[in-house]
Each structure stands twice: as structure tokens, then as C-alpha cells.
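Look for chain A in each of the two complexes below; its partner is chain B in the first and chain C in the second.
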Partner chain A sequence: MAQVRLSQVRKMYGATMAVHGVDLVIEDGELVVFLGPSGCGKSTTLRMIAGLEAISSGSVEIGTRDVTKLEPKDRNIAMVFQNYALYPHKTIRENLAFGLRMRKMSAPEINQRVNSAAEMLGLTPLLGRKPGQLSGGQMQRVALGRALVREPEVFLLDEPLSNLDAKLRVKMREEIARLQKKVGTSMVYVTHDQVEAMTLADRIVIMQSGHVQQVGAPLEVYDRPANLFVAGFIGSPEMNLIDGRAEGGKFRFNDLSLSLPQGVRADGTPLTFGIRPEHITIGDGPNSQIFRVGVVEQLGAQTLCVGDVGGCQVRVMMDRTDTVSSGTEMTVSFPPQRIHIFAAETGERLGDHTGSEEAEPPRTSKRALETSEEETR
Partner chain B sequence: MSSKATFMSFLVIGLLITLTLIAAPVTYAITLSFYSLDSFVGDPEWVGLGNYAKVLASSEFWNALKNGLIYAFATIFLQVVLGIGMALVLNQVFFGRNVVRGLSILPYLLPTVVMVLVFKWMVDGSIGVITAGVEWLGLPPIYWFESPLAAMLSVIMVSVWLWTPFVTTAFLAAMQTVPGSLYEAAKVDGTNAVQRFFHITLPMLKPVLTVIILLRAVWMFNKFDVIWLLTGGGPVGSTEHLAILAYTTAFSQFDIGAGAAIATISFLILSLAVFIYFFFFPLDAE
Partner chain C sequence: MVRSVPSRIALYVAALIISIYSAFPIYWMVVSSTRAPQSLLRETSLVPGPFTLEYYSNLLELTDYPSQLLNSVIVAFSVVAITMVFSVMIAYAVTRQRIRGKKLIVGAMLYAYMFPPLLLAIPIYTIFTKIGLGDTLLSLIVAHLTLTLPLGVWFLWGFFKNMPFELEEAAMVDGCTRLGAFLRIVLPLSLPGLITVAIFSFLLSWTDYTFALIMIGSDANKTVPVGLASMIGSFDLRWGEIMAGSTLIALPLFGAFALLSQYFIQGMSAGAVKG
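And now, the complex of A and B:
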């Protein structure tokens, strides 16, 4: 178990830079998720931690050791690959034991570790089979088991669930979370699926085009997206984003005039105004406007309406209603504490308001809260 | 209906060609082995298994069988080991790799007779480059085709030189099909390059290797041209194997029946070997 420290880690492929100077500390026992669209450099960063990809510049430390120049086998990491990468000609038992055998561990200890990991993952009846005789979910478990038996300092997982069907994905996600809490080993988990990231992570690292855009606890990045990219990427359906100007303390666009949250002083500058569909309230309130419904999407528990407010297209998520239809007009309001303002030019978040009603202290991770609770007991 | 007719006509044509070109001569040759005849025009005389008895009683036959086995095993072993070694080297990333890959298959592309002549020039007593090299090293001259041992080594060497590229190319192609993530998983699992070869590459390529070895075995056991062109089976029968013995018996000594019997026995031995091989290395294992 150990802290992982990335300092100005860069990756060049020829002249193109795939990863631009990542600085990150993964605390001991923490589950950090790298999240971002395809091609943003998540895998490359993970593989640089693993030692499978040479680090162009910068350094990686695991615990107190600088591992920047070490081979994967000397880094004391274990990895789970997207396609599982199980050895097809070896039995499940041999697959699990292989990494231990290569490290010259004694046979009784290997057996003990393999058996207990198999027990934990429900693989015991499958130990004599070959990977080709397993289902996708079972292969996924073997891949996890192979990492688990190693008892490494860090687990590295690259999109481990993306080859599974939706139902199994949810199940395995819960299983991974449970295992990680149980063994308490640091984990770096790569995914492009924000639901996976939100549900699993102690902290999410959001990446785009090789740059880290924001690092924070799941609710922190949801409540206070650091820039336009994060605002648009996190949350489903997407946050409403409207380009306009600040004039006389108000945000203006077409016929729209909305009061800015406290602390945002940006007179005359181009701004982007953001509010999540689920944060627009129905009925009179601050910043109330007329919303004309265009398209109605029934999602079951909720109803998503796409329509028009003051000449802007806006999505509004409301509790299920069967009475709205195309052409319905209603009053909606935009609570100031739910409003996000970004500088249109840089995309940076403006103002220091929390973006959430709950008075949660900013920049505190879930895990930090958990541990402090435990300590106070 | 018409596509079925097309299919049938191709099938019939194919079968006819196969029958005419392969089945008929084979049947004819096997039939000949039961007759005594000294030319293809005279009247054959039925002798039953007489030719077989005669052949199996001769020391030339057993000598040729022994030589054939030595030649086949030595060339297959060297081709496979060197072929895999070269494939591993050529699979690395280095400058000019594609050129080297292309050049490496050259010996396989040239006609055997050309390669044999090239080798003969290289070991020529007065102008050969190998002869000069041996001299430069201060070693006594090697008489490549004069002593039984040297002659056998020569035919083995030239054969390996000619057909290792086949193994290299087949193995190299097969290596591209192994998923890279397996090697990465093995790296994380703590293996070095040698361990990765024995734990990933070799087991993953076992089916391909099985076929390569089988193909090479059949070819090497029946190989005629290299030996015929290099040594003609000499000196004093030291490189003579069954194919050459069958040929000389039939066409130099004009004992066509005995020659056919030798060829038939050779065919039976090979069939039995292939059968045993597949018993121990089934292709559909796993």
C-alpha cells in the first residue's frame, strides 16, 4: 500500500504530445478514476504509471521509490486490462498463480493466496478450466483475481468493464468497489463512463486532450465544474450552456436577463451561463422565465423537456408529469445558487459560489470525510 | 441452380485433374512394385512381394533409410530453431527492418539449382569465398563433398540455408496474431523476455508450429533436388536416402520394380510418421 505521486508526467509520440505534464498525488488506499472522452490520454497516463509506456519527462513515485525508469515487474503494481489478457493456454489456477510463481513465491503460499482470492471472487469451481471456457463476467473476475493475489501497492485498471453488458457492468462495478474497500489498496481506474466514475471514485481526474481539467470528489466536480469542458462532460443530460454577456450585474442574451450569482463581477465581458436541467425549478422564483416546451422525453421517474427560454434552447428535467406536451408554456426559475458562470474566452469558472445548496466544504474528498469520521470515533 | 451447376463442374474438373495427375501415377507406381521389369516397354512379370523382400534384405536400403532420417531430423531441427530465432529478431523494431525481412526470404525464392550452384562456387577449391575464409582463419582446407561426414554436413547446411526462411516467415506472421496485451500482462506479472517466449509466444504458436514441423518433415523426407544436385547421394552412398535410392535403382540400374517398391515403402513410413505425429500433437487440442 502506498501513495502514488506523478510530477509533470509527459508523453510524446514523435512530435505530438499525448499527455501534458500531469501532476497528481494518489493517496494511500484511495480510489482515483481517470475520466475523459476517448483519446484524451487516460490509458497512456495509466500505462506510464504501470511502466508499459516510457515516460517522456517527469517522474512517477510509488511509496518512497522513484519508479520512473523501472520495469513494470519492479514497480509492484498489478494491472487489469480491457480485454482481460488472460493466458489462454493456462488454467484459471495457473493464470492466478503465474505472477506469484514468476516471483519465486513458495508453493504453499501461492496456493493459499490463489484459493482465498478464488473464494472471494467465487472462482473456486472454475479453477481447473481454461479462459476459453468462461463467460465474459467470469473472465473479468479472473482478471481481477490475478491482480488481487499479487497484493501490490497499486491496482491499475484500464476500462475493465467496457466489454460487459450493462447489467453485469453495474454488478462488477459494485464488486470492484467492495473489493477495493476490503483490501484497502490504492487504485487507479480508467473509464470514459461518467456513471462509473461518479459511483466508484473517491476522486475523479477529468482529462481532455492530454490535459487534466479538474481533480475532485465526484460531487465536487458535479457541483463546481472548474471549466466549460467539465461542466459539459459531467452530468446527464448535459448542463444547459448559454453564451452571452454580463451587463449591469446581469447575464444577458437575446431577450434573456438573469441575475448573476454573488461574487461574479464581470461587466461587459463575454460569459457562458450554465445550469443543469435538473436544477431548473418549475413555478415562480428567482430569475423566473417562460419556458415553451418543444420535445418531451419520458424517462420513467422523470420527464425531460427540451424547449425555449427567451430564444435559447434549454433542457429542463422535472418529476414525472403526463400533462406537458409540445407547445405547453410554463414558468420556470433559475435558482442563483445553482448557476455556473464561465469566462467564455478561457472557459474558466468565475465566482466562488458553491453551485450547490448543501453547505459542503469545497475540496474535501469523500475518503477524507470517512477517515475523519473514523478518527473522531 | 446454375451456381450449383458451376460448382459441380469445377468440382468434377478438379477431381479429374487430381485423378490424372496424382492418383493414377501413384496407383501405377504401387502396381509396378509387384512386378519385375527392366524397362517400361518390356513385358512385366508378376513377382508378388518379391521386390519388397529383395529391397528389405539389401544393406543399401537400410543405409538410405538411416541417412534419410539423419538428414530429415537434422534439417528440421536446425530450420525450426534458427527459423524461430530469426523470427524473434525480425519481430523487434529496428531501423531497416522491412528491408531485412524482405532479404531474409530471398534464399527461399531462388530456384534450388541456383542456390546449389552458388554454394558450390562458395566452396570451390580455387575461387570459393568460403574456401578463402577457411584459409584466412588458418584452418586446413575442407573437402566439402569428399568425406562422408562433410558431404552430409554440406547437404544439411544448404538445405537449412534454403528453407529456414519459410519457417521464419510463417512464424513471424503467426507472431503478429498474438495480442500485445498478453505480453504486457506477463511483463506486469514479473517475466523477463525469455520467460515470455516460453510462457506466451511458444504456447500461443503451438498449432502453427505443429503444422510447420509437419510440412517441413514431409518435405525434408522426400527432398530430392538438393542432395541430387550437390552430391548425387555420394560419396559411396553416404548421402543417399530413400528417394535417391529409389531413383537410381529404377533409372540407373533399371530395376523398376525394386525402385517402385522402395518408393512405396518410403511412402508407407511417412504416412505412419504423420499418423503418429498427429496422435501426439493433435491440431484441435484445447
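And now, the complex of A and C:
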């Protein structure tokens, strides 16, 4: 078990930079999720920690060792791959034991570790089989087991659940969370699925085109997205984002006029106004407006309405309502504490209001780390 | 797929005809090589006999056949060994490493196949005589490699390409060096491909006549196919000995196919179809 420290880690492919100077400290025992759309550099960063991808500049430390130039085998890490990468010609037992045999461990010790890992993952009846005879979920468990037996300093998981069907994914997600709590080893987990990130992570690192956009606890990222990208990426259905400008302490767009949250001082500048569909309230309140329903999507427990407020398309999530239909008009309001304001030009968040109903602003994590802004940008 | 009875019968009949068509010459060769001299030229009975091993003993005791056999063995095994080592290395490098001119290397490998062997053999022979390698087994080995290496590289290239790189990465994370991952994971998984390449290059080298005829002049260095051919018409036509010699040439091929056909079929389908 150990801390992992990335300092100014960069990856260049020829002249194009795939990862722009990532600074990050992963604490001992922490589960950090790299989240972002495909091609954002999250997997590359993970592979640089693993040593499977050469680091163009910067350094990676695991514990007190600088591993920047070490081979993967010398880094004392274990990795789970998206396609499991089980050795097809070896039995499950041999698959689990391979890494231990490579480390010249004694046979009784190997047996003991393999058996206890198999026990923990419910693989004991499968030990004599070959990977080809297993289902996707079982293969995934073997891949986890192969990482587990090694008792490494860090677990690295590269989209481990994306080859599974939706139901199994939820189950394996819980299993991973349980295992991580149990063994207490630091874990870096790469995914493009925000639900996985929100449910698993101690902290989420959101990346886009090689830049870290925000690092924070799941709710912190949800409540206070640092910029437009994070605001749009986290949350489902997506946050309503309306481009307009600040005039006389109000946000204006077409006929829409909404009061800005406290602490946001902007006048005459282009702004983007954001509010999550689930935070728009039905009925009179601050900033109330007329909402004209266009499309109704029944989700079961909730009803999602897509419609129009003052000439802007807005999604509103409400408790299940059977009476709304296309053309229904209702009053909705935008609670000021739920409003997010971003500078339209830079996309950065303005103001330090919480964005949540909790009175106290969330503590900024001590281990928070800054995106190093690219000098060349 | 469910087939109706008549179509299944037709299928079996067709299979039977094709099998007889391709197996009969082999059968006839073996039968003739063990038929006593008087009957050999007069009888056309499909049933073997009267039985004799006279031709085999003549061939092995009175002719250069044993030394030619040894030459063939040396050439074929060297070709197989060199082909295996180099085609594995080249194919792996071409698949996994970023190499400048990778396409050119692979493309150039095919150029050898654009020309009939005879067209290549003559200039190769000229070069070899100029550098003092004319009429040696080495020259023949190198000549055979011009055919077997491209084949091996192409075949294994397809094989390695289909193997997920994550397997090697997993092995590297598990504690192997790159070479270790290759030896412990990639090679065992490529076994069908390796065996197919080995059989193909052995076949090419062992049965080659064209290159051997051009490269080798002296009786001492002749390989079996050329040696056998020179028995025809030199003093008389000894069918029995020729059949016995041919049987001996074919024997190791039978052996190899019988033992390894399972891998061979696997290798063929994996390399060719799976793409």
C-alpha cells in the first residue's frame, strides 16, 4: 500500500500532446476514478502509472520510490484490463498464480494466496477451467483475482466493466467497492461512465483532451462543477445551460430575466447560466417562470419534461406526474442557491455559492490538486 | 445446418472421389515400391504383392541415395530452423513495434512471390558462384529461404496481429520482461501458427527440385529429389528404385502431417480466415 504521486506527467505522441502535465496525489487506500469522454487521456495516464506507456516528461512516484523509468514488472502494481487479458492457454489457477510464480514465490505460499483470492471472489469451483469456458462476469472476477493475489501497492483498473451487460456491471461495481474497502489498497479506476465514477470514487478526476478539469469528491463535483465541461459532463439528464449576458445584476436572454446568485458580480459580460433539471422546482418561488411542456419522458419514479422557458429549451425533472402532456403550461422556479454561473468565454465557474442546499460550503479537499494549465496553450 | 439425405450422400460421394483422386498416386507409389520386379512391369493389379524390399536395399546400398538423403535432411532442417527464428522475429517486430518503412518490409517480402522460382534461381546462382558459394548446401539453404521466409513472416504476422497486446501487457505487469512475456505468452499461443510455418517450410525445402537442380552441380551435394531424377535415363529406367526413393521422400511428410494435422488446420484457419 502506498501513495501515488504524479508530478507534471506529460505524454507526447510526436508533436501532439495527449496528456498535458497532470499533477495528482493519490493517497494511501484511496479510490480515485479518472473520468472523461473517450480520447481524453485518462487511459494514457493510467498506462503511464503502470509503465506500459513511456512518460514524455514529469515523474511518477509510488510510495517513496521514483518509478518513472522502471519497467512495469518493477513497479509493484497490478492492472485489470478492459478485455480481461486472461492467458487463454492457462487454467484459472495458473492465471492467478502466474504473477506470483514470476516473483519466485514458494509453491505453498502461491497456493495459499490463490486459494484465498479464489475464495473471496467465488472462483474456487472454476480454478481448473480455462478462460474460454467462463462467462464475461467470471472472467472479470478472474482478472480482479489476478490483481488481488499479487498484493500490490496500487491497483490500476482500465474500464474494467465496460464489456459487461448493464445488470452485471452494477453487481461487479458493488463487488469492486467491497473488495477495495476490504483490502484497503489504493486504486486508480478509469471509466467513461459517470455513474461508476460517482458511486465508487473517493475522488473523481475529470479529464478532457489531456487536461484535468476538476478533482474532487463525487458530490463536490456534482454540486460545484469547476467549469462548463464538468457541468455538462456530470449529471444525468444533463444540466440545462443557457447562454446570455449579465445586465444590472440579472442574467438575461431573450425574454428571460433571472437574478444572479449572491457573490456573482458581472455586468455586461457574456455568461452561461446552468441549473440541473432535478433542481428546477414546480410552483411559485424565486425566479418563477412559465414552462411550456414540449416532450414528456416517463422514467417511472420521475417524469422528465423537455419544454420552453422564455424562448430557451429547458429540461425539468419532477416527481412522477401523470397529468402533464405536450402543451401543458406550469410555473417553475429556479432556486438561486442551485444556479451555476459560468463565464461564457473561459467556461470557468463564477462565484463561490455552494450549488447545494447544504448551508456549509464543502471543504475544499486538502489533497485537491490543480490542473496545471498548459503554458503553451 | 441441416442437410437432406440425398445432398448428404452427394457430399460423401464427392468427398470420396476427391480422396481417391488425391490418394491413389500415393498408394500406387507405395505398392509399386514393394512389388517384385517381374510383376512390377507386367501386372496392374490394385492388390499389393508379390512383396519385396529389394528396391529399398538396392537404393540404400548401391546408390548415393543415403548421402543425398543426408543432404536433404541438412538443408530442410536448416531452412526450417532459420525460417522459424527469423520469421518469428520479423513478424513480431512488424506487428508490435513502430518501425520506419514497416509497410515496405512487409511488401518487399511479397515481391519474391511475384516471380517464378526459376527466374530467381538463375540470378541467385550467378551471385553465389561469384562469391564462391556455388554448388554448396549453404547456397541451397539461402535459396530456399527466399521462399520460406516471406511465407513465414506473412503467416505469423496475421497470427500476432490477432493476438491482443493486452495479454503481453498483463504479463509485463505480472512480472515478465518484454521478452519473457513473448516467450511465455505469445509463443505458446502461436503454436498452431509456428507448426504450420514449420511444416510449410519443410515441405518447400524437402520437395524442392528447381532450386536444387540449378544450385547444385556435384553428385556429392545433390538432394534427394534431384538425385532421384538423375536416376532416370542415366543407364536404365529403374522404376522400382524410383518408387522406393519417392516413398522415402514422402515418408517424413506423412509423419509430420499425421502428428500435427490438428495444429496445422487450426493454424491455417486462424491465420487465414479470422483476419
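Quick notes on this structure:
Criterion: the second predicted complex is superposed on the first by the 360 of 377 C-alpha atoms of A that agree within 3 Å, B and C clash if a C-alpha of one lies under 4 Å from a C-alpha of the other, contacts with A are read in each partner's own complex, and residues count from 1 in each chain.
Just so we're on the same page, a residue touches a chain if its C-beta (ideal position, glycine included) is under 8 Å from a C-beta of that chain, and two chains touch if they have at least 3 such contacts.
Everything numeric in this text was worked out from a predicted model, so none of it was measured.
For the composite obtained by superposing both complexes on chain A, the positions of chain B and chain C are in clash. In the superposition on chain A, contact of A:21 is made with neither chain B nor chain C. Once the two complexes are overlaid on the shared chain, A:88 sits against chain B and chain C alike. In the superposed model, A:103 makes contact with both chain B and chain C. In the superposition on chain A, A:130 makes contact with chain B only, not with chain C. Touch criterion met: A:72 reaches chain B and chain C at once. Comparing which residues of chain A touch chain B with which touch chain C, the overlap comprises 50-52, 71-73, 77-79, 81-83, 85-89, 98-99, 102-103, 146, 150. Within the complex formed with chain C, the chain A residues making contact are 50-52, 71-73, 77-79, 81-83, 85-89, 98-99, 102-103, 146, 150.
Contact residues of chain C toward chain A in the complex are 164, 166-167, 169-177, 180, 185, 188-189.
Chain A meets chain B in the complex at residues 50-52, 71-73, 77-79, 81-83, 85-89, 98-99, 102-103, 130, 132, 146, 150.
On the side of chain B, the complex with chain A involves touching residues 179, 181-182, 184-192, 195, 199-200, 203-204, 206, 286.
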